[in-house]
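Below is one structure, written out as structure tokens; comments come after it.
Which chain is which? They are A, B, C and D, in the order written, and residues in each are numbered from 1.
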Amino acid sequence: MNIFNNAALLIGVPLLFAFSIPLFGLISKELAKWVTLLTIGFNASFSFYILFAHKYPTMVVMGNWLPPFGENLYIGPVAAFLVFVISMIGLLIAIYNLWAIKKGDVIRFSVLFLMFTAGASGIVLTGDIFNLFIFMEITGISSYALAAFGPERRALGGAFKFLVVSSIGSTLYLMGVTLIYTQLGTLNIAEIAARINQTTPGLLTFAGILIISGLAVEAELFPFNGWVPDTYTGAINGVSASLSGIAAISAVYALFRIAMTVFGKSGGAYVSTYGKIDLMALIALLATATVIIGELSALSQKNVKKMLAYSSMAQMGLIAVGFSIGNKLGVYGGIFQLVNHSIAKSMLFLIVGVLVAVGVGENIDDFKGLWKRNPFLTLTFSIGAFSMLGFPLFGGFWSKFSIVAASVQRGGWYDFIIGLVLFASVVEAFYYLRIVAYMFASDVELPKVKTPITPAIPIFILAVSIVAIGIFPQIVGTFSAQAAGELTHKMSGYILHVIPSIAAH
Amino acid sequence: MRNDTPALVKRITALSLITILLIGFFLAFKEMPKGSAVNVNQRVSRLYVMKNVETATKMMENGKFFAKGIKPLRTDVPYTPITFGKSKNLEDGAANVVTSIVVDYRGFDTLGEVTVLFLAATGVAMLLFGKEKKRKNKTEPSLIMYVGTRISFAIIFLFGIYIFVHGHLTPGGGFPGGAVIASGILGLFLGKNGYKPNHLGLKVFESLSGMAFVIIGLTGLFSVHSFLANFLPTGVIGDLYSAGFIGLIYIAIGMKVGAELSAVVNSMIVDVEEEWS
Amino acid sequence: MQALQIFLQNWIYLIGAMAIFGIGLYITLTNENIFKIIVGLDIIESGTNLFMTAIAWHPKAVMPIYTATNQLVVNGKVVSADPLPQSLVLTAIVIGLGTTALALTIAVKIFEKYGTLDVRKIKEAKR
Amino acid sequence: MIIYVATLIVIVVIMLALIAVFSKKLLSAIIASGFVSLGVSGLFFFLQAPDVAITEAAIGAGLSTAIFIIALKKVKKGESKDEE
């Protein structure tokens, strides 16, 4: 057991500064934004240190009570890597916010954005099933408020819908957790995971369904994703970017941490779960439905933001399909796709944000002839679109390829699922390429637009990283492979790192 | 659901959904221990009640805690009897076991909980941000109301403070204490039209008490090498000055919750004109 | 009479919690008025809290607070109600208040901007 | 014996919740939900959870209802228009 308690600063420092930002805000509005930026920057550099000094797998013990008695954070390969990704995306969006958020209550917006990022990191880090609920609520409450922020009134309807669906979801999650507690008498993920076969199958299955439907709300899986299009379209673009680039990926991680580590059976060629029905198969079905519904709905959208929202939904479905295949290659593809999606989708939303701000607009027709108006944004948008489609030389290629290969490896009815997913990819290719074609091949003559410098920095960095991942997939690949090892072998990957004394039995 | 779904269809769908959910719950309840079968001794709370987590930790490290089939032997953990007003230097000195769990054994949850409330208050204030309009109530509250709320505020305030200072001894604690203080401030709003609390003071108070919580946590990290660890002596169970840092944290929580909820009430009551400039 | 008492001890709190939960869910799912939806969420919250406290209780439980007369441990066995779910409920109550306050704020803003509390009209106004 | 009192309270609470379902006026629905919270906080005493009971009474039944009513007051004009 490797304990590195200073990693608690990943949560402690953002909290300290979130509480003190109102005081900084008394001095100046700009200072509040910079404090947020620097705090997220601290998180990014600290997680970079953990990742590259190879400090993981390690554990943080809270209040000196060792698990399973107290609460703990667990930093395995998945958590270390995802916290780094979340903090980096958060940092880049914070840079964008320096430029984008000028009106309204900037100070409180900064507080909420900071805690949104920290909460998402907390979801990834935590080793306690109830603590996961708390972090879900931290991320949730800040995202409801952030989604409702903005001068446009359409933000409010989306935020309200999100709030209602999400609160019902978290209630269901809490009830599932309580049901498990009645039988096992513990809330620690590692102990529950080790003893999950001691519960009765009916209760276990029902609790699993409750927990998974609660987490599926934020992971945007069908049928709990009715809020996605309205909320993403209504929110200001920086918030949409962070919802799809930060909140969604932490929620998907939590979903599969529960499904694979807590409910999963280890030892087979692929992960399946205890209980009367196989929860992984259930998730696979939901995810496939999500992919198909998302892509088909995206096809008919006239508004680029709404299209991106549906596409985001579909991508989350694809990620979930990758994870739910349950073999190592599938999880590898899922995590790779998670990172690609997070980078590309947040970049696309930021680009739309810049385009709206400089007066181009957010409808597909407004994108006509954009190449002549602003080559930089056109190029970066195309890079993002190509990565989404999985073109070779772009990040998305490797992940989509691994997911397809994994499902072929697994065989059985996954052949059918991957057929449907590939069909949906064709639909996706159609609507993304339509925009790209509009941008390049239209001869509409319109005045040029300038790119503001500040938001161009994050967009540029994200675009470069997509191309870099496409050419050198091992940047993400090494970590994804380690992460896949952790998620598919729950005993050696997770439980023994948290409660080593279980090994004696 | 779709916009144009008729009300009847909507109701039937909702009813069937709820029925399925409730049937699932009752099937699950049948497998759940009920009534006298609920065995607290099999749960991790046994260790919290007996305040012997440290013993259990040692047993776990020696490999004596888990039996064959990974069943935890929680009932095997030895205990020393705890007498109210006599037992000294327990690992957690709070007489109220719920408090000891909320603040000490699972203090990290509570930090998160305070954050959730803080974020909710921040969100409310952010959405209702704008230039203040004058409140125009038709009727001014009577003099009795005015004087009465002012006098009762002092009593309510004291009662709130009592609740959170005694959080480790009696039922209550930071959250209800803060809520009581906020309801006192709500009374002040009702007592006088156009009542304005000191906004700057509230803000500073809220920030400082929140920071105090985190700083207590960080002190634990740098003195006992664990975030939110109890670094003060725990004293005699039942004394006012016992239970280590629980009192301090509950004071911080109480003040923070009071300030936050008052801020929520304030931003809800005051009419503002939105400005995007 | 004895059988009835045992039945009630085993089931009444769970049945009550589920009934409150179900009614709250029904309100939330079927109503168009934003305030009614939030009332539904509030009631769901109460139901969940009751459920979580009910699983901590057994008929011979005492309250989990050490006092001069209250013995929590008798013959090496804990006889009090389970304090852990109770502390979780404390958390859930506070989180529920936060959600309610935020929801109400959004509702007030929606009324300011759309002039209605009807969810359907908000959607129509958007297009 | 106390279980019969608890049963009675449970029945009352369920009826209050039903009032919240069927009431036409928003104010009565809100008050009913406040009383549901209050009833539940009474049940917490029978469930040997005084901490939870105090918190629920102060926060769930007290402040939450107060915030509801303040918000309702802000949209008072809309209520008569919206109710069919």
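The criterion applied here is as follows: contacts are C-beta pairs under 8 Å (C-beta built on N, C-alpha and C of every residue); 3 or more make two chains touch, one makes a residue touch a chain.
Computed from a predicted model, the values in this text were never measured in an experiment.
Participant: So which has more C-beta pairs touching, A-B or B-C?
Facilitator: A-B
Participant: How many Å are there between the centre of chain B and the centre of chain C, using C-alpha atoms for each centre?
Facilitator: Averaging C-alpha atoms per chain gives centres 15 Å apart.
Participant: Express in whole angstrom the distance between the two chain centres, defined as the mean CA positions of chain A and chain C.
Facilitator: Roughly 29 Å separates the two chain centres.
Participant: Please work out the Cα centroid separation of chain B and chain D, and write it as a whole number of Å.
Facilitator: About 20 Å separates the centre of chain B from that of chain D.
Participant: Quick one: which residues in chain D touch 2 or more of the other chains?
Facilitator: Residues 49-52, 55, 59, 63, 67, 71, 74.
Participant: Using the touch rule from the top of the page, what residues of chain B touch 2 or more other chains?
Facilitator: 1, 25, 32, 38, 43-45, 96, 98, 106, 109, 113, 116, 119-120, 123-124, 127, 171, 173, 175, 264, 268
Participant: Would you mind listing the residues of chain C that make contact with two or more other chains?
Facilitator: Residues 9, 25-26, 45, 55-57, 59, 63-65, 80-81, 84, 86-88, 90-91, 93-95, 97-99, 101-102, 104-109, 123 of chain C each touch two or more of the other chains.
Participant: Return all touching chain pairs.
Facilitator: Chain pairs that touch: A-B, A-C, B-C, B-D, C-D.
Participant: Which of the residues in chain C end up touching chain D in this complex?
Facilitator: 5, 8-9, 12-13, 15-16, 19-20, 23-24, 26-27, 33, 35-36, 38-40, 42-43, 45-46, 49-50, 53-54, 56-57, 59, 61-65, 80-81, 86-87, 89-90, 93-94, 96-97, 100-101, 104-105, 107-108, 111, 115-118
Participant: What part of chain C is in contact with chain A in the complex they form?
Facilitator: Interface residues on chain C, with respect to chain A: 21, 25, 28, 34, 37, 41, 44-45, 48, 51-52, 55, 84-85, 88, 91-92, 95, 98-99, 102-103, 106-107, 109-110, 113-114, 119, 122-123, 126.
Participant: Could you list, by residue number, the parts of chain A that touch chain C in their complex?
Facilitator: 130, 134, 137, 141, 144-145, 148, 153-154, 156-157, 159-160, 163-164, 167-168, 171, 174-175, 178, 181-182, 187
Participant: Would you pull the chain B residues touching chain A in the complex into a rising list?
Facilitator: 1, 24-25, 27-28, 30-33, 38, 42-45, 47, 53, 56-57, 60-63, 65-72, 74, 104-109, 111-113, 115-116, 118-120, 122-127, 129, 200, 203-204, 206-208, 210-211, 213-215, 217-218, 220-221, 224-230, 276-277
Participant: Which chain B residues qualify as touching chain D in the complex?
Facilitator: Its residues touching chain D are 96, 98-99, 163, 171-173, 175-176, 179-180, 182-183, 186, 261, 264-265, 268-269, 271.
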